[in-house]
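I have a structure I would like to understand better, so I am pasting it below and will then ask my questions one at a time.
Think of it as A, B, C, D, E and F in the order they're written, each chain with its own count starting at 1.
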Amino acid sequence: MQRSNGRANDELRPVKISRQFTNIPEGSVLIEIGETRVLCTASVEEKVPHFQKGTGKGWVTAEYAMIPRATQTRTQREASKGKLTGRTMEIQRLIGRALRSVIDLKKLGERTIWLDCDVLQADGGTRTAAITGAYVAMIDAVQYLMEKKLIRTNPVQDTLAAISVGKVQGNVVLDLEYEEDSKAEVDMNIVMTGAGKFVEIQGTAEDIPFDRTDLYNFLELAEKGIRTLMEVQKSAVETTA
Amino acid sequence: MQRSNGRANDELRPVKISRQFTNIPEGSVLIEIGETRVLCTASVEEKVPHFQKGTGKGWVTAEYAMIPRATQTRTQREASKGKLTGRTMEIQRLIGRALRSVIDLKKLGERTIWLDCDVLQADGGTRTAAITGAYVAMIDAVQYLMEKKLIRTNPVQDTLAAISVGKVQGNVVLDLEYEEDSKAEVDMNIVMTGAGKFVEIQGTAEDIPFDRTDLYNFLELAEKGIRTLMEVQKSAVETTA
Amino acid sequence: MQRSNGRANDELRPVKISRQFTNIPEGSVLIEIGETRVLCTASVEEKVPHFQKGTGKGWVTAEYAMIPRATQTRTQREASKGKLTGRTMEIQRLIGRALRSVIDLKKLGERTIWLDCDVLQADGGTRTAAITGAYVAMIDAVQYLMEKKLIRTNPVQDTLAAISVGKVQGNVVLDLEYEEDSKAEVDMNIVMTGAGKFVEIQGTAEDIPFDRTDLYNFLELAEKGIRTLMEVQKSAVETTA
Amino acid sequence: MQRSNGRANDELRPVKISRQFTNIPEGSVLIEIGETRVLCTASVEEKVPHFQKGTGKGWVTAEYAMIPRATQTRTQREASKGKLTGRTMEIQRLIGRALRSVIDLKKLGERTIWLDCDVLQADGGTRTAAITGAYVAMIDAVQYLMEKKLIRTNPVQDTLAAISVGKVQGNVVLDLEYEEDSKAEVDMNIVMTGAGKFVEIQGTAEDIPFDRTDLYNFLELAEKGIRTLMEVQKSAVETTA
Amino acid sequence: MQRSNGRANDELRPVKISRQFTNIPEGSVLIEIGETRVLCTASVEEKVPHFQKGTGKGWVTAEYAMIPRATQTRTQREASKGKLTGRTMEIQRLIGRALRSVIDLKKLGERTIWLDCDVLQADGGTRTAAITGAYVAMIDAVQYLMEKKLIRTNPVQDTLAAISVGKVQGNVVLDLEYEEDSKAEVDMNIVMTGAGKFVEIQGTAEDIPFDRTDLYNFLELAEKGIRTLMEVQKSAVETTA
Amino acid sequence: MQRSNGRANDELRPVKISRQFTNIPEGSVLIEIGETRVLCTASVEEKVPHFQKGTGKGWVTAEYAMIPRATQTRTQREASKGKLTGRTMEIQRLIGRALRSVIDLKKLGERTIWLDCDVLQADGGTRTAAITGAYVAMIDAVQYLMEKKLIRTNPVQDTLAAISVGKVQGNVVLDLEYEEDSKAEVDMNIVMTGAGKFVEIQGTAEDIPFDRTDLYNFLELAEKGIRTLMEVQKSAVETTA
C-alpha cells in the first residue's frame, strides 16, 4: 500500500502544536496532524456540575464540534439541526473521560476545566488529535490556576496522548488519514499515559473481524506513535508561551 | 472479593433466552442475565435509509431504551426530555455496528432489520445483553424472510455475542453486575464472532490505567464467557419456537 | 358480527394480572387483556411537583409509552422524534387523573407515586388496561409505604378499573380489539370506582353520532366488564406476591 | 349557589357570533360567550395530509392557541417553550374530530380546511366555544368553495355545537365560567349535532365520582344549551356577511 | 405610482387605536393601520429576569406572533414547528429595545412589563404598528401601577412611535402596505421619540443600494408620519378608557 | 476619551485578511480586526432552496457562530442548547442579505454559495468583520466556479464591506471594540458598496436617542472606514493565493 506523501505504515503525519493560538482563554492550543487541525481551548469556571457539589472535587469536561466546512462537503451545523449527533456525543464523552484519568480532581478543587475542541479542518484522527491537544490546553489552564494561587499542588498526574491505528487493505497502519479511514477494515483509537498504560482502547471491525495477533500489532504501533506525540507535547509546553 | 450468590470471578450470571416473548414482531427475544432483562424485537421494513438506496444492499440498525424504572431510582424518559442522552446514542450505535458485522447486506437485499432493545430491568451489562439477544431476534427475522421467500440465501455469516469484563478491587472479573460496575477500575465490553474474532473492544480505565497483562486477561475471560453465551443462543435457536 | 375466538359481544377477553413482574420498582404489574400487554411500574419519589410544595399533599402521575414494535408495523420512538404525540399526552393525562380520583393526597403526604405504563404489545384497549394495571401497581406502592411506616393510614379510598365499549357494525360490544376499534362507529372509554360511580366517560363518534339509548347500553355493558376486572384485580392483590 | 350576573343554573352566558371579523381568511368568526372570546378562522388549502392522498377525500383539522394574556396571569407562549402542552393537543384534536363528524370528506374533495381557534380572552369553556365558532367559520369556507365552483354539492351534513356542563358545589350547572370550572366536582363537555345526537361526551370527576342520575341531568342541560347556541349560529349564518 | 385607495406617497393609511380591547390585561390595545391589525397587551409581573435581580431596576420586554391566517396564505404556527423563526426573534427584540429607550427602569422598580404583540391581520408594517400600539399598552400598565401605588413617579420619559418608509418603483413612500413592501427597492423602519430623536433606524436595500439623498428623504417622511401617529396615541390615551 | 493603543476616534484597528486559511473550502478567509478574528469559509452546493427551484437563479446564504471561548467568559454552545439565539439569527440573516445585494443570482445559476462565519475570538464588530471577510471568501468561490467553467460571466457586481460606528461617552467613534461597545450610547452597523451606496443601516440608541447631526457624522465616519477595508480586501484578492 502506497500512503500519501510516501509515508511509512508506522509513521505519523507531521505534527505541530501551537500554544496561545487565541488570547482570551486560559489555554488555547492549535494542534495540526497532517491536514487535520483542531483548536483546543481551556476555560476555567469556578463551579462544578450538581453531582460534584460539596464533594471538594473539581471536574474536567469536553465539548467537540466541527465547523461546517471542516469536511470535504459542507456538514450541517448541529446548532441548526437543534441537536448533537451521536458521533459528537460519543467523541466529547471520550475526550472528557480521557483527560479526567490523569488529573486529581481533589487537588483541582471545586471548579471545572472546560476543554472545547473545535475542528477547523478534518482529515482523519480528529478525536485523537483533540485529546492530544486538549491535554496541552489543560496544562496551560492548570498553570494559570497555580500562578493565580487558586491551587497549590499540581493536580496533573501524568502525560496523555492518543492516536489511531487500523488495518487498511490488510496493512497495519498508524495515524489514518480520512481516505484510509473510510476504507479501513479495522479502526482503533488508543489513549495512553506517559507511564505506558492504557486509558481507552476502542477498536471496531468495520467489515472483517480481527484476531489477537492484529490487536497486539495495533497496540505496539500505537505506543510508538504516542511516544512521538508526547515529545511534541513536551517541547510545546517547555517553550515559553 | 466476594461476588453475589457466591459467583466465581470467571463465572457468568444465569442466562436465559426466550424467543417469541411477544407475538407481533418478526423476532421477539427476552434475554435475562442475572437480574438484567432486555426485550429485543426485530422488525423488517421494506425500505432502506437514503444512503443505501439503489445499492441493492440492506441495512441493520438498532435502538436502545430503558423503561424509567429499569433502574434503582426512576430515570426520566428520553421522550419527555425531548432528546436522547449520549449514553443511549453510543449504545445503539454499538449494537447496530456489531450486528452488521455478521450479516451480508447484499444478500439481505434492499430492506432494513430494526432491532429494538428495551431494557425492562437493569443490573449491569445491558448493552452486551442487548447485542447477544438482538442477534437471536435477527436470526428469527432472517428466518421469517426466508420462509416468505423474500431472500434466498441466508445472509448471516457467523454467530455473535458480547460480554463485559473488568477489574474490580484489583480482581479481573467476568460479567459485572451494577454494584461491581459502579466501583470498577476498568470496564471493558467485548463483542466476538463464533470464529473467535473481535468485532468490538471498548475498554475504559475509570480511575487506574491498565497495562497489557490486564488486557490479555480481560480478553481471555471474555472469550470464555462469550463461548457460554453462544451455547445458550444455539439451544434457544434450535428450540422450535 | 363474529368476534375473534367466538367471543360474545358482552364478553371480555381473557385477563391476567401478574404482580412483581420486575423486582426493582415498588410496584410492578404486567396486565394482559387478550393480546394487549402493558407493564405498569410504580415508583415512589420523596418530592412533589412545584404546585404541591408546602401543601402537605402528595401527587400521583402517569407516563405512557409503547415499545416500537408493540404495533403491527413499527412505530417510531417518541424519544427519537424528540417529542410526545398528542395521543400519548392525552392518554397519560387520563391515567393520572383517574388514579388520583381514588387516593387521598393528604394521607399520601408530600411524595409522588409515578405510574409508568409501557405497552409491550398493543391489540386495542391499551389505555384502559393501563389504568386497570396501574391501580394494582399503586396498591403495591402504597403497601410498601405502609410497611416502611412512611404513611400511617391507607390513602386509597376505592377500587378503580376501566374498559372500552363501542359500536361496531351496529353492534354494541365490550372490550374492543384493535381490528374492531379501527372500524368502530363509536368508541367509548369508561373509568369506574368500586362504588359503581363514574370517574371518566370519554365517548367519540368516529363516523355516526350516537343517541341516548346507545349511551345507556354502553354504560351498562361497561359496568359489567369493570366488575369482572375488579375481581381479577382483587385476586391478584390477595395473592401473596 | 349564586352565579355571576344573577345567571340561573340552566342559563347560558350571553352569546355573540360575528362573521368576517378579519378580511383575509375564507372564514373568520369571533365567538363571544360571556367574557370568553375565540377568533376562529378557516383556511382552505388545496392539498391533504399524506394519509388522505389519492383517496379523493378531503380533510378538516384544527389548531388551538391562547394569546399569553388571555388568562388571569400571563401564560408563556408554546412557541417560546418550543412545544405544545398536552392540554392544547387534546383540545385541538377534539375540535378537528368534532368538525369532521358533520362533513362528508368525499364531497369536500382532496383539499383541507384548517380551523384556527385563537383564544383572545379565556373565562371558561374555550374549547366548546371554539367548536361552536369554528363550525360557522367552516360553513363560510364551504360557501367560498361553492361560489368558486370548486365543489358542487354542500358537504356539510348537519349543524354542530358544543357546551360544558358540570357540578359545582352540588349544583348541576350549564356553561361554566372559569371561577366555577376551577372548583367543579364534575366537568363535562358535550358536542351534539342538529339531529340531537352525540358526537363527543367527555366527562371528568375532579374529586367526587358521579352517578347515572347526574349524567342524565348533565345531558339534558347540555342539550338545552346547545339548542340555544344553534339558534345563534343560524341567525349569524343567515345574516348577509 | 398609483397607491391603493388613492393614497398620496407621503400619506399614512387610516389609523385607529382602541384601548381595553380585552378586559383582563393591565393594558390591552388594538392598533389598526389600514388592514394591519395588532393586539398589544401589557402584563405586569412582579419579578425580573436573572440579569436584573438585585439591581433595583425593572425590565420591559416584548413577544411578537401572528395568528396563522393573518397572512394571505396560512402560515404554520411557530408552536407547531417547535421554534421561533429568525424574523420573529428579530422583531420582538426590536420592540423590546424600542420601548426600553423611553422608560426609566430604576423608577419602574424590580418588576417586568411584558408587551405581547399578536398580529390578527397583516398587511405590511406589523412591527412598527406593534411598537406604536405597545407604547400605549405600556402607558396603561404604568397607569395601573401608579393607581395601585406600586410606583410613585411615572417612569415613562417620552412618547414613542414607529413607521416604515421605503422606495417603491423609484418613489419614496410612507407606510408601505404588503403589496408595496414585497416589491420595494428599499425598506426602512424608523422609531422616534416625541423629542424628535431616533431610537432605531433599520434600512435594507433589497435590490438597489441607496444613497444619502434617499436616506434624508426617508427620514423626513418618517418623521412626518410619526408625528401623526403620536397625535392618534395622544387622543387614545386622553380618552377615558 | 482615550482609546486602547492610542487609537484616534476615526481610526480603524489593524486589519488583516488571509486567504486559504484552510485548504478544503472553495473560499477560506481569516479576517482579523484588532483582536476580533473570524474564519469565513465559502462552500458551493449544486442545489438551491426550494423557493428558488426552477427559477434559474442561485442563492447566497450565511451562517454565523462563535466558538464557546471566543468571549471573555465561556458561552454555551447553541448546539448544546438545541437552538440558535435571536442574536445569531439576526446576524446571519444580515450577512446573507448583504452579500446577496452585490451578486447577480441569475448569473450565478441554480447553485448556492454558503458563507460560514465562525468567530474564533470576539472583541467587538464580529458581524461587520464577518461581512467584510465573507465577501472575499465569496470572491474566491466565484473564481473557483469560473475556473471550473461552471459559470461564464462574473456575477459579482460591486465590492462590499461593513463597519461599526457609534457614540461612546459623547464621542463619535469608528470600529468599536468590545469594551467600547458595551458602554456605547449609540451603536450603528453600516454596509456599503464600492459605489458608495448603502446596503444596510442598522442604528440603535441603547440609552440616549440620537439626532440627525449624529447620524450624518456616523455615516461619514463609516464611509471612511469602509474605504480602508476595501483597500485591504483588494490587496488580499490581488495576491496570488
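Here are a few things to note about the model shown:
Rule of thumb we're sticking to: a contact is a pair of C-beta atoms (placed from the backbone, for glycine too) under 8 Å apart; a residue touches a chain by one contact, two chains touch by 3 or more.
These figures come from a predicted structure and were not determined experimentally.
Each chain gets a centre from the mean of its Cα atoms; the one farthest from the centre of chain C is F. Centroid analysis (C-alpha atoms only) places A farthest from chain D. The two copies, chain A and chain E, are related by a rotation of 120°, based on C-alpha atoms and rounded to the nearest 5.
With centres taken as mean Cα positions, chain E sits 33 Å from chain D. The distance from the centre of chain C to the centre of chain D, with each centre set as the mean of the Cα atoms, comes to 28 Å.
Centroids built from CA atoms put chain E at 51 Å from chain C.
Between the Cα centres of chain B and chain E there is a gap of 59 Å.
Each of the following residues of chain B touches two or more other chains: 82-84. The assembly's chains link up in one ring whose order, counted from chain B toward chain C, is B, C, D, E, F, A. Interface of chain E with chain F (complex): residues 83-87, 89-90, 92-93, 97, 101, 188, 192-193, 195-207, 209-212, 215, 219. Interface of chain E with chain D (complex): residues 22-25, 28, 35, 37, 39, 41, 43, 45, 63, 65, 67-74, 77-84, 88, 114, 116, 118, 120-121.
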